[in-house]
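Going in written order, the chains are labelled A, B, C and D, and every chain counts its residues from 1.
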Amino acid sequence: MLNKKILISIFEKLLNKAKSSYDSFNAADGQIGDGDLGVTILHGLEEINNNISKFTDDMGFNFKLCSQAFVKKSGSSFGTLIAFSFMNISKNLKGKSECNHEEIVNIFETALKTILERGKTNLGDKTIADSLNLIINKLKDNQNYSEVFKTATKQALQDFKGKKIKIGRARMFEDKTKDLDDPGMFALNRLTEAF
Amino acid sequence: MLNKKILISIFEKLLNKAKSSYDSFNAADGQIGDGDLGVTILHGLEEINNNISKFTDDMGFNFKLCSQAFVKKSGSSFGTLIAFSFMNISKNLKGKSECNHEEIVNIFETALKTILERGKTNLGDKTIADSLNLIINKLKDNQNYSEVFKTATKQALQDFKGKKIKIGRARMFEDKTKDLDDPGMFALNRLTEAF
Amino acid sequence: MKKIINDPGNFVEESIEGLVKSHPDIYSFAKDNRRVITRATKEKNKVGIVTGGGSGHLPVFTGYIGKGFLDACAVGSVFASPSVEQIASAIRNADNGKGVLCVLGNYGGDVMNFEMACEITGSEGIKTKTVIVADDIASASIEEKLKRRGIAGMIFVFKVAGAIAETGASLEDTFNLASLANNSIRTIGVAVSPCILPEAGKPTFEISDDEIEIGMGIHGEPGIKREKIRKADPLVDDLCKRILDDFRLKSNDEIAIMINSLGATPLEELYITSKRVHENFLKLNIKIIKSYIGRYATSMEMAGMSITLFKIDGDLKKYLFSKSECPFWTN
Amino acid sequence: MKKIINDPGNFVEESIEGLVKSHPDIYSFAKDNRRVITRATKEKNKVGIVTGGGSGHLPVFTGYIGKGFLDACAVGSVFASPSVEQIASAIRNADNGKGVLCVLGNYGGDVMNFEMACEITGSEGIKTKTVIVADDIASASIEEKLKRRGIAGMIFVFKVAGAIAETGASLEDTFNLASLANNSIRTIGVAVSPCILPEAGKPTFEISDDEIEIGMGIHGEPGIKREKIRKADPLVDDLCKRILDDFRLKSNDEIAIMINSLGATPLEELYITSKRVHENFLKLNIKIIKSYIGRYATSMEMAGMSITLFKIDGDLKKYLFSKSECPFWTN
């Protein structure tokens, strides 16, 4: 079950985790990208938390605020994809004050769909989409969210060891990326430690 | 007495000294100026030595070669003043194969006159002109050239301790220059160690 | 950190305010958004040309606003994409009924945000088309040309798109010429030292004293290959060869070149580079009609440079050389 | 050393050869001297404008040759004066019967060598006059103004001298206007990091991470005062105050400003500087008619910047804005 109160506590926990992981996220991105992933995640979550007092019982409205926070603070791919995802999630949840399990699964499905569409990526390209996909699969027969998030994001990292990253500038490094985690997937996994 | 052979040996010795003093000359200049004094002196002396096989019995011609060497290799004040000095000395010595003591004194007087004129400086401004002036004074009653050069250039440094440098960009540092040797005077003194 | 700045958090705001204050005849803030710069005098009856992207690359992007160049620009934070809202504002400001051409570099965030902004403004009735500049041959193979990043070559696209738009050409014709330019440009660069992000206060990457990076990105991201530093001539020969392997030219083909400093690399070194580029092309009887040497697309104080080749014939040549008014371009 | 160069001993030769090859319509080697650059097309019936000085300062000095600017330049080694012979050749090449105005920076070697070259060419029948630019207010007090060094302000003198000469003005009139310009210009600069001499391969001076130098020289020599690094605004306020203490302006006076990067300092920081300069002068109701922001006089990759104030009225304004053709100047 997800409601305003739970959402607030999630974002508080995520923010703390983003603070302590700031350098490691930047470093992970810096190995193949421009090293701003920590910045993107931290600034986005900070902005959400700055606006958390505006949260209402309307979960659609809350996700809209979250989307605006990421739109405002992030100019990198990750932040933009999250912003688009939050926007579409917000449309689905308009007027709702509580999400049941089905609706929670739908939140992740919406995010996945948005990312694949906006990011012009496919599953298997070794991006956050692949982590989300695994989360969705596992959620189908497990309602222990914390456990699902942790195991799914971890398994995603393992599944893609030895595979090349096929998007963004990471692509340029070819085989080098086989040995590296995708920074976005790495960050998602670390963030689940918050729960 | 000065002739072609002695002049050649002088420039050989000076070159060796300039090589071993390269860094210290640059450093002395670098404290208040652009740090190129070692470059100027070394390159000028190298070029003279590269042309030493062209030296003839005509001392005027030899000094002309020396002047051209400094014209070619140096773009800094010191090199330019030396080039002008050599040029005027060359005019005085045209056709002469040997210089007696009086003519040797005259070489320094010509250099001093040229430097004050071209450099638009006065005695007392704490420049190489002051060192030359002391050399000339001492030469009047001492024909031990090596001794005169050493003691005069050393005394010049001492006489000007505590006095401000009044030319070039050194002037900008005002009182700081009281504690510092003028780089050109310092270099002249060091070079006399060659003899 | 040795930067002449105030609060790092105001770096972008203050620098664009300085730009507008310094050249009030050329640049202006959009009325509705302080992160959008427009021309000081809005044109009528022409296709608007819009760009946008991260800060820290001046004169790219904002600098190229001006008569015969761009109409508006959305200004992101340092090395970060502008937001959808900022881009949408730039599009609205640039439109005057004939539609808007967006010209941007191929970076994930920028591409996604422009796409979204075009959807939003499209729903408001503004016709847009987009050219995504992809000139960096180091960032993807020729088979994947569409995935290449946009770097210095982008300015040539700004120039010809801006020039044809100024004649009153249609959105379609403007788009076609800009696309043709995009396909006629190849760039490759090297980085020799990193830059410092104002907020981070430390270098974006480390590179040892005897190494260089081939194919560096203008966001301070690592290049494709780290090599021992070489003398300029063999380095330039290598870069020219990579470009010519990628883009076959024939004898008597006409080109323009751009030798672009990433920031710190001085003009002297760019001219040492240019000398060799001229010699190489002369041997192949390829005609360099014009050389642009300087700082056109930078990464703040990063040291390094890029070489851009622009094959010009017909309209491309005509519009490259047509007059424009921009503080960072001499006609 | 992270420079894109070949043999450091050929640094100057190769960079000016690159300059000439890149802009063959503007620059040309003098026939008699590879260290002298002239216009590609020699003008008739005008006073020739000649400059000269050390290399490593591009676009200063050679870069400012062009219609409405200089006619010839003698090119010294890095940070070193050109020789008497090179300067004499530049004067001969620039003369076409109406005499030659030499405009140079106030540096010992340069001044002495120009003086000598003028004597030599004078004896050959060429009439010359000389303006020694002395705009650096940090390098001597106002009482000793003639002893000040020449730095970025020099370019304004090139511009107005070149412009009036182009109209066919006499040597006398050209000299007078250039002298007036020289007296109407004030510059002050700061260095934040040193540059590397190609031959030495190491920095010209050391400066710790939290210090800056006020009144740096463009030859890499130390400034007059080392200070803790400050934020941009108080630093700029201080520099503006020093300029205005030196050169009293009244309400409604018209000026041009130049914010010049010594090399590495990026445009973003120059604009942050310019923003504050504009605010300061606006308060005093002094009218900034035009702002020149960029790399006009550099010390290779040194980081730092200078602020130049040029009081313009009457002919100075007219000739500053008259058209010129030079790759490093936008009209």
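The rule is simple: contacts are C-beta pairs under 8 Å (C-beta built on N, C-alpha and C of every residue); 3 or more make two chains touch, one makes a residue touch a chain.
None of these values were measured; they are calculated from a predicted model.
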Which chains lie in contact with each of chain B and chain D?
none
With chain centres defined as C-alpha means, what is the inter-centre distance between chain A and chain D in Å?
54
Approximately how many whole Å separate the CA-defined centres of chain A and chain B?
74
Distance between chain centroids, defined by C-alpha means - chain C, chain D (Å):
29
Residues of chain B that touch at least two other chains are none
Scan chain C for residues touching two or more other chains and write them down.
none
Looking at which chains touch, is this a line, ring, star, complete or other?
line
Chain pairs that touch, as defined at the top of this document:
A-C, B-D, C-D
Chain A residues touching chain C - in the complex, by the definition given at the top:
30-36, 39, 71-72, 74-77, 79-81, 83-84, 118-119, 167-169, 171-173
Chain C residues within the chain D interface of the complex
1-7, 11, 14-19, 21-23, 55-56, 58-59, 63, 190, 192-193, 209, 212, 229, 231-233, 235, 259, 263-276, 278-279, 291, 293, 295, 298, 300-301, 303, 305, 326-330
Contact set on chain D toward chain B in their complex:
54, 76-77, 79-85, 107-109, 112-113, 115-116, 138-140, 147, 149, 199, 204-205, 215, 217, 219-222, 224
